[in-house]
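Two complexes follow with subunit A in common, the first pairing it with subunit B and the second with subunit C.
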Partner chain A sequence: MQSNAALEYDYSLAKKFTFLTILFGFLGMLVGTLIAAQMAFPELNYLLGEYGTFSRLRPIHTNTVVFGFTVSGIFATWFYLGQRVLKVSMAESKFLMVLGNIQFWLYFIGALLATISLLFGVSSSKEYAQYEWPFDIVVVIIWVLWGVNMMGLIGIRREKALYISVWYYLACFLGIAMLYLFNNMAIPTYFVSGGLGSPLHSVSMYAGTNDALVQWWYGHNAVAFGFTVPIVGMIYYFLPKESGQAIYSYKLSLLSFWGLMFVYLWAGSHHLLWSTVPDWMQTMGSAFSVVLILPSWGSAINMLLTMKGEWNQLTDNPLIKFMVLASTFYMLSTIEGPIQAIRSVNAIAHFTDWIPGHVHDGVLGWVVFMIMASIFHMAPRMFKREIYSKKLMESQFWLQTTAVVLYFTSMWIAGITQGMMWRAVDEYGNLMYSFIDTVTVLHPYYAIRALSGVMYLIGFIMFAYNIYKTMTSGKELTEEPQFRTPMA
Partner chain B sequence: MGMNEIQGYASFFMTIFLVIMLYGYIIHLYRSEKKGERDYEKYGNIALDDEITSTPVEDKSASERYKEENK
Partner chain C sequence: MFHWLEKNPFYFAAAISIVISFAGLIEIVPNFAQSGKPLVGMKPRTVLELAGKNVYMKDNCMACHSQMIRPFKSETDRYGDYSLSGEYAFDRPFLWGSKRTGPDLHRIGNYRTTDWHEAHMLNPPKIVPGSIMPAYDHQFENEADLETAYAEAVTVKNVFHTPYGPAFHRGQEAWDAHKSKVLEDAKKIAADMKDERVKAMIAEGKVPEVVALIAYMNSLK
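Our next item is the complex of A and B:
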């Protein structure tokens, strides 16, 4: 044990990715708030010429929050908890450190350039997969670097049993690798046409119904392996660690893991209900979506039961509040999704605002809350300083919780109103409303959504400020806290 | 039988197969704990006791354990 005496966990990569998480989070949410306001007040589309239109900005919003904010958060937390649960320091391998730094810089520069490319309208026009082929190649390289780094760290570990969080991060790596590669298969037209058009342009290898199927197998599972799996990995580490309580049932965590892996990949076709894909495939998508409630709730209930007998922590530790609320929103969105995937409900919900409502109660309430909570937990350990302000954290929590509630309730009402109006017919079977009638009715709900966006963004700025002050002027800690995060 | 139908049946039977596998896994987890072969709940401590100097909850890999048990 002598050799371990001076050994410490190396948080340099976790810190770097934490900064990126905050940067991309701010950018993604800023653009999101702007486009929400554009939906309510269309004149906001003309602020920056072609660069400020909804159609240009929407892919920037989605890609920045998915591939910028969330992926940075996944990397940051991996480079923190990966070391801890494997009981090995990154500093023990120069190779892994160099690899991690290459990954960081390539990712930082690649993500910025990819975002700029979207601003200039360079897009493959596939939802959540808009990056053109050169950026796809960079994404693949970054992902492989991360994979090698993760496997490398696992290879030199002291703790031989892989903690459940590691399983989830591994699944995230493998899932995204498979999905991203297959969905982004494309032919760069410039090179096959002898130099015609833009070198950045490409055409997908799939067409028609097949394209739709591959796209939604990707789209839905990007939610699975980007927004669910790694976030479950985070909560399985950070909630027990922060509360000092071991997971309620480790067996349930294993079972939920395999259940999730088994079921999630088959549910994507629920995005194509009432379309031209084979009927059995639509039914399968619906059925698997409903079954998906079980493994999702298995994890969420396991998390809530972890707090058994320790619910007093909910009142006096705001970080526990963030995590318990995240878990609750996970439950809400994983019951809402299956309901929307039922054919008759989908007939009303499809193409309406209920869908972005669903996505945002999951992402704002679950993903962002959990990533922020993870960073709050990591900050005093990484910077060796107390959290700057507990009060600020509390206010941020309530502001953002109110924002999420306003967001999804307004979109529920808007979506269902819209769905009902689109299908309403008079006694002769003629449609009762034109599209613009629905837009007029929905205006107040769009305004509420824009307001909720502003509130959430302010909350995120409070979070960024709190972390900045923690780094620079938080009270210095003499030793690393074991469980509860110290805050002033 | 067209390609669509074959795919449909293949999906159905694979689902049944995977369901059996999943339930088999549950039985395996509980049975091996009941027999005293494994204690899964101890792995929960990996997150709580995660200092670099802490004693690992398990310091042998699954294959090493298997070899020892089957000597």
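Our next item is the complex of A and C:
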């Protein structure tokens, strides 16, 4: 029997993971800003001796924002919205609560240790999969714990039909599990060699071209199932909740979801265009990348049309601004990616700063904006207090939006400049520039990018402060707000 | 069908798993054996070179340097012959990189020398004015982990049949026996270097990271 009485949801886990989202977000962006500044001002490489060089810090930046910030954000939002769309409280199952808490602590400690290991240069060198094998095992355990928790909650649900967001979280779990396992297959050298050398060291199960294929099948799709799938899951829940509008089209959701599932994974080989992987694989990656526009834009358009007739909310609710801008950046990023995956464009774009430019209009504009918006929406409901300051939120929005625009425009120019200079020839067909010419010319763009990093980081600190003040001194709410998030 | 799936989570999850596995199976598996073949007559890296590769990984040189020369005239003019799949057959992991903040290194051994690397690692902008690469002074003080490199060679020989020949056995004794050969290789590199710290360490029978790294750089041809 379904009761109509409102359930008391248990947000303790959602709160814990929200704190980690903010903590890792700050750390990851701080390191990101530092390494961006190092490219403009190389003296900054010497702040921490051997541990402070760009090369050592870069994996810390990427892994902290991916596995620290984003994954905490995924966990936090799941432990919030999972209960609500399944109409069951976490508190109804002691088992799931205990499991969730184990997951939290293991994750927190694991993430800190893994970060320290990267600082010491313990790295398997595969991008976004640098953690050595013992940390990989911890990651797998955490992931399985989360999976069991999700399946468990689904198992005891009252609402029989799974809401769209749940599809995406499920896909996130399954996709990352598959990719992570296969890509991180490695043999620890210590055990095979009869106890020689470092116990942390391992060799990849795959070699050369095969290793590259597996890595970029992983690398591209870690983006798919970490930076796209769960974030789409978030917006499918939080935008209708915040705006009070129903999702525009169920059929479009279906098309986008299953389309995304099928198409995304083929596109990984576009990271390897013009390399030594077989030509037909490159062509497949390229072609599927272009097809990928359909499901990506399908979701984004579905979101924008959800706001149909309610665009006035954009002017007076900054949270709607965050979400609409996020879907807009999602559209930008998912048209830019396919363009870069076209062979002739890729010949210029690959290896240049256009690629980090592309990544960052996606993550800063889409992923981080959507996660912050989710937290802004959840905070008054979790802490039963009003958002501390609407003004602060507005200024944060504009500061960070400007920062993202500065970031990607400077990197577009930098990337295309560099790509064109590498191939420029004089009238006799000789290369026109030595490599260093193509580095020094980028200095102004690197400086602009560093500035944009500082601006974005300040915006994130404003966000963290706003949430902190909401928790501690926001006006108390007597009942849960239905749609629009109350803010002072 | 979709409505039914949405009420049956187990089948829903199964459907997702099937739909997302296609791409990997079709793109990666068919050419797997073919792509794994080395060039004819290619030799695997020596232990010193492997140790250098591990320094390359530890200091994450691939954050800024690629090892993949694409088949364009502008690249073959700049870096040498374009890269072939077989050249990477012993590389675990592959170190192609994805960003060229600095130049490609796949054939650096053809046009840079030990003393060039030594001076460059100590102070890149002095050798290449305008360079934004940091100095890697600590590589002149840290000891290279030769034992782990040997363990790696033994591992790939045993597990993947990388052709290291009969001498590479498991265990401490085998390593102790092989170590002198590695030190010899290191001495040859160090003979072309000027840094006092390097000379002192080599004299003590230790190998600084930079020597292993240069051995690796010189092997990239």
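As a working rule, the second predicted complex is superposed on the first by the 481 of 488 C-alpha atoms of A that agree within 3 Å, B and C clash if a C-alpha of one lies under 4 Å from a C-alpha of the other, contacts with A are read in each partner's own complex, and residues count from 1 in each chain.
The criterion applied here is as follows: contacts are C-beta pairs under 8 Å (C-beta built on N, C-alpha and C of every residue); 3 or more make two chains touch, one makes a residue touch a chain.
On a predicted model such as this, the values are computed, not experimentally measured, just so you know.
Visitor: After the superposition on A, what does A:Leu254 contact: first (subunit B), second (subunit C), both or neither?
Guide: A:Leu254: touches subunit B and subunit C.
Visitor: Contact-wise, after the overlay, does A:Arg343 reach subunit B, subunit C, both or neither (first, second, both, neither)?
Guide: neither
Visitor: So in the superposed three-chain picture, is A:Phe262 touching just subunit B, just subunit C, both, or none of them (first/second/both/neither)?
Guide: both
Visitor: After the superposition on A, what does A:Ala161 contact: first (subunit B), second (subunit C), both or neither?
Guide: After superposing on A, A:Ala161 lies in contact with both subunit B and subunit C.
Visitor: With both complexes overlaid on chain A, does A:Leu431 touch subunit B (first), subunit C (second), both or neither?
Guide: Second partner only, subunit C.
Visitor: Compare subunit B and subunit C by how many residues of subunit A each one touches, and report the one with more.
Guide: C
Visitor: Looking at A:Phe182 after the superposition, I want to know if it touches subunit B, subunit C, both of them or none. Which is it: first, second, both, neither?
Guide: In the superposed model, A:Phe182 contacts subunit C only, not subunit B.
Visitor: Which holds for A:Val88: it touches subunit B only (first), subunit C only (second), both, or neither?
Guide: In the superposition, A:Val88 contacts subunit B only.
Visitor: Classify the contacts of A:Ser204 with the two partner chains as first (subunit B alone), second (subunit C alone), both, or neither.
Guide: second
Visitor: After lining up the shared chain so the two structures overlap, which partner does A:Met284 touch, if you call subunit B first and subunit C second: first, second, both or neither?
Guide: After superposition on chain A, A:Met284 lies in contact with both partners, subunit B and subunit C.
Visitor: Would you mind listing the overlap between the subunit B footprint and the subunit C footprint on subunit A?
Guide: 160-161, 254, 258, 262, 266, 278, 284
Visitor: Where on subunit B is subunit A touching in the complex?
Guide: Its residues touching subunit A are 4, 7-8, 11, 15, 18, 22, 25-26, 29-30, 33, 40-48, 50-54, 56-62, 64.
Visitor: Any idea which subunit C residues touch subunit A in the complex?
Guide: 2-3, 6-7, 9, 12-13, 16-17, 19-24, 27-28, 31-32, 34-36, 54, 57-64, 66, 68, 70-72, 74-75, 77-78, 83-103, 125, 128-136, 138, 142, 145, 147-152, 154-156, 158-160, 170-172, 175
Visitor: Give the list of subunit A residues in touch with subunit C in this complex.
Guide: Going through subunit A, the ones touching subunit C are 38-39, 42, 45-46, 49-50, 53-56, 58-59, 121-127, 151, 154-155, 160-162, 167, 170-171, 174-175, 178, 182, 187, 189-190, 192-198, 201, 203-215, 217, 254, 258, 261-262, 264-266, 268-269, 271, 274-278, 281, 284-285, 288, 347, 350-353, 355-356, 422-425, 430-431, 435-436, 439-440.
Visitor: What does subunit A use to touch subunit B in their complex?
Guide: The touching residues are 1, 4-5, 7-9, 83-85, 87-89, 158-161, 163-165, 236-237, 240-241, 244, 246-247, 249-251, 254-255, 258-259, 262, 266, 278, 280, 284, 483.
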